[in-house]
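Each chain carries a letter (A, B and C) given by its place in the written order, and its residues are counted from 1.
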Amino acid sequence: MLMAENIGVAFNGLQVLRGVTFSVERGTAVLVVGPNGSGKSTLFRAVMGTVKYRGKVSVDGKVIEGMPPHRRFRLGIVLAPEKMRVAENLTVRENIEISGRFRDAVRIFPELEHLKNRKAGVLSGGERQIVVFSRAVLSDPSYLLLDEPFQALSDENVERMISEIERRKRRAGIAIISHDRIEDVVEICDTLYFMLSGRVRRVIEIESAEQAIKKLEKYMIL
Amino acid sequence: MKRIVAETAVMLSLAVIMSLSPYYSWLFVLMSIYSLLTLSWLFMRKAGRISMGHSFLFGFPVFLASAGYSFSSEVSIQLFIAGCALSFVIFYIFAEMTGRTAFVFLTLVFSIFVWVSSPKLVFEKGGYLTGGEVGFSFPTISQKELHILTGGTLTLFYLIYRIIGESRAGYFMRAVGDDETASKAVGIDLRKIKALSILLSGMTAWSAGIIYGLEFGHISPEIFSVEISVFPFIASLIGAGNPFASVLSSFGLVYLSKILNSMYPGLMGIVYAAILILSPKIGWWVYVKGKRLDEKAG
Amino acid sequence: MALNFLVSFFSIALMALLVSTNFRIGKFLNLSLGGLFAAGGYIAYFTPNPVFAALSGLLFGTLLSLAISKICRSVIEATVLSLGAGILIERGLEIVHRSSYYYFVDFDYSTYVILLGAVSYLFVLGIYLSPLGLKMKFVEEDHELAELYGINTGMIFTVTTSLASACAVLAGFLSSGSLAISPTTGFGYLISGIIVSALTAQLRQVGAVHYLALLAISFAAARFMEVLI
């Protein structure tokens, strides 16, 4: 299990996360939702070790305090960062091959074959998003943290992505931050975290998508 | 306003007290030159540009003037004016061409380039070679005249700095220094503000350069040295970015350099190096202190 | 004549390589390289042992990279720190060896700069053409992204800074025979390296292509840059 306990993060004296506890088990998926500025991305960054935080993060019972991000990656935690972050001067192929075989990515998204020699900096938003997603899943993570993976994607690619997440879920724990396609994502998730102002306000165990959406609608407009 | 008057009074009192002994008068002139250099740097920083090559703005016109002085006073004056114009244009182009980070690098590298290449300026005059690493001679005036001139110049530019800081142009400079994009969005003409800050900075540095020439009667390529370039950065760091504290820290640094270098030549260089190495640690403290002092001053 | 040109070309190309690797991988403009070059000259005068020169550079580079990782948060802070380190070396040399400003050594190994330059370029190109090359390109592009994908950027930064510092001291050591050694000897080399490196960066290439371009531009610029060194 990937467990973050009582996580606190402050930037320049401003408290962004306040005692957040969050966990994901292998074989399950969790959805993290909340308005902008609620601390969702910061929570993922704290788990990955790219921001300083108070609290405890453990993976499969092993506490990973003070571990730099590259060592967390080697323990199987992978973050697909937000804002379609790619290495802009490298080709699509190079961007993906840092974590696995390019042909495996082409199996998920066939259009990557035509884009392989193009520099990632000139791709459209949707194209960048499939590069970011492919790079994350190809490293065969034990725990996969996806930050806004569905932004700017076509319906077809959203479906491909969701089916890939379902497939990966059999072996890995997956946590997703999303503002888009919540109805579809809830279908494949087991738990829903609702965050507001740097705190987890509600944890909803998903029995059915309708029930989860109904509960969530009390807190936000979907 | 009271504060500005009090600060000016302190500077004038120092000028009077230090005029009583020839050594302290000489030291006061030297301290004032470096204080002017720091003020010049602060003008540019106000508009968000950190120059690490201020020795160029300070030294270039007077270096050309000293080369011209080998021929005649008229040539010297003409070259000085040309040097002022050229150094202004170069810094303005740098500010237009680059962002904040690249400006730091470009000014530093450019000043080192000028420092390394200026000894190549050698010409024959009356059968003798002049220039090179030795440099050129420059006219001098009496110590008393120099003391009055320096005290007056420092007071004048300090008042200009403080008065402009409180003016509309000063607020625009601060706005540009805080966020160029936001300033543009509210209708501030970035080019004009950048040009104004560089011009004010240049005028202060050029005056300091002339006084430097008059003080030593000689200008060598060492006027472009890295230590002169980084001096205002260090003085401002110690002065927490506050103009009055930065002027005082410039005085203090010059005095300290005299003491340390008399103990062992070059020792002050080690102090500069240590301050630069620790500058990232001091940085946050300076930011907070500077803001507080600026608020109090405002 | 041709040999002199080759020495100048490789001296400039080597300094450009050191500046470029430090900037692209370490994300700072290493202004201590000029001081390290001068220190190499002094080592040649006082302890003519190239191994000692290389080891001192390696040690200095390691300390510099640790200091930067520990206290710097931006490219400007790291650059200013390296400038301070450079001034520290120069002033240290000036204080310790003040008896005469210029030193001259009675041997001339300057042609070995060609070998050092060639080996350094082959080493860097070899790395970029090997499986490690992709990791290096990621580090050049985005430190955090590289970390997120398992690359130990801290280690790569330390190794790069240390090797570059060792190379700078060794270059100064080898060039000493053709120089009047003084604390500011290295500044001309450093500036030439920065100019060539900045020109090459305009081509916006990555990896091996960038370093080949660096070599080509050093070759083209060597004649003009000779004035500075």
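Convention: a contact is a pair of C-beta atoms (placed from the backbone, for glycine too) under 8 Å apart; a residue touches a chain by one contact, two chains touch by 3 or more.
Everything numeric here is computed off the predicted structure, so don't read it as measured data.
Enquirer: Please identify the chain lying most centrally, where each chain is represented by the average of its Cα atoms.
Expert: The most central chain, going by mean C-alpha position, is C.
Enquirer: As a test of whether you follow the contact definition, which chain pair has the most C-beta contact pairs?
Expert: B-C
Enquirer: Take the average of all CA coordinates in chain B, do the same for chain C, and state the distance between these two points in whole angstrom.
Expert: The separation of the two C-alpha centroids amounts to 31 Å.
Enquirer: Go ahead and note the Å separation of the Cα centroids belonging to chain A and chain C.
Expert: Computed from C-alpha means, the inter-chain centre distance equals 40 Å.
Enquirer: How big is the gap, in whole Å, between where the Cα atoms of chain A centre and where those of chain B centre?
Expert: Here the centre of chain B sits 51 Å away from the centre of chain A.
Enquirer: Spell out the part of chain B that touches chain C in their complex, as residue ranges.
Expert: It is residues 50, 52, 101, 104-105, 108-109, 112-113, 115-117, 120, 226-227, 230, 233, 264-267, 269-270, 272-281, 283 of chain B that touch chain C.
Enquirer: Taking the touch rule as given, give the residues of chain C at its contact with chain B in the complex, in rising order.
Expert: Contacts found on chain C: 29, 31, 67, 71-81, 83-85, 87-88, 90-92, 94-95, 98, 187-188, 190-191, 194-195, 198, 227-228.
Enquirer: Per the contact definition, I'd like the list of chain C residues that touch chain A in the complex.
Expert: My answer: residues 134-135, 137-138, 141-142, 144-154, 204, 206.
Enquirer: Spell out the part of chain A that touches chain C in their complex, as residue ranges.
Expert: Per the touch definition, chain A meets chain C at residues 48, 50, 68-70, 73-74, 78-79, 81, 85-90, 94, 97-99, 135, 139.
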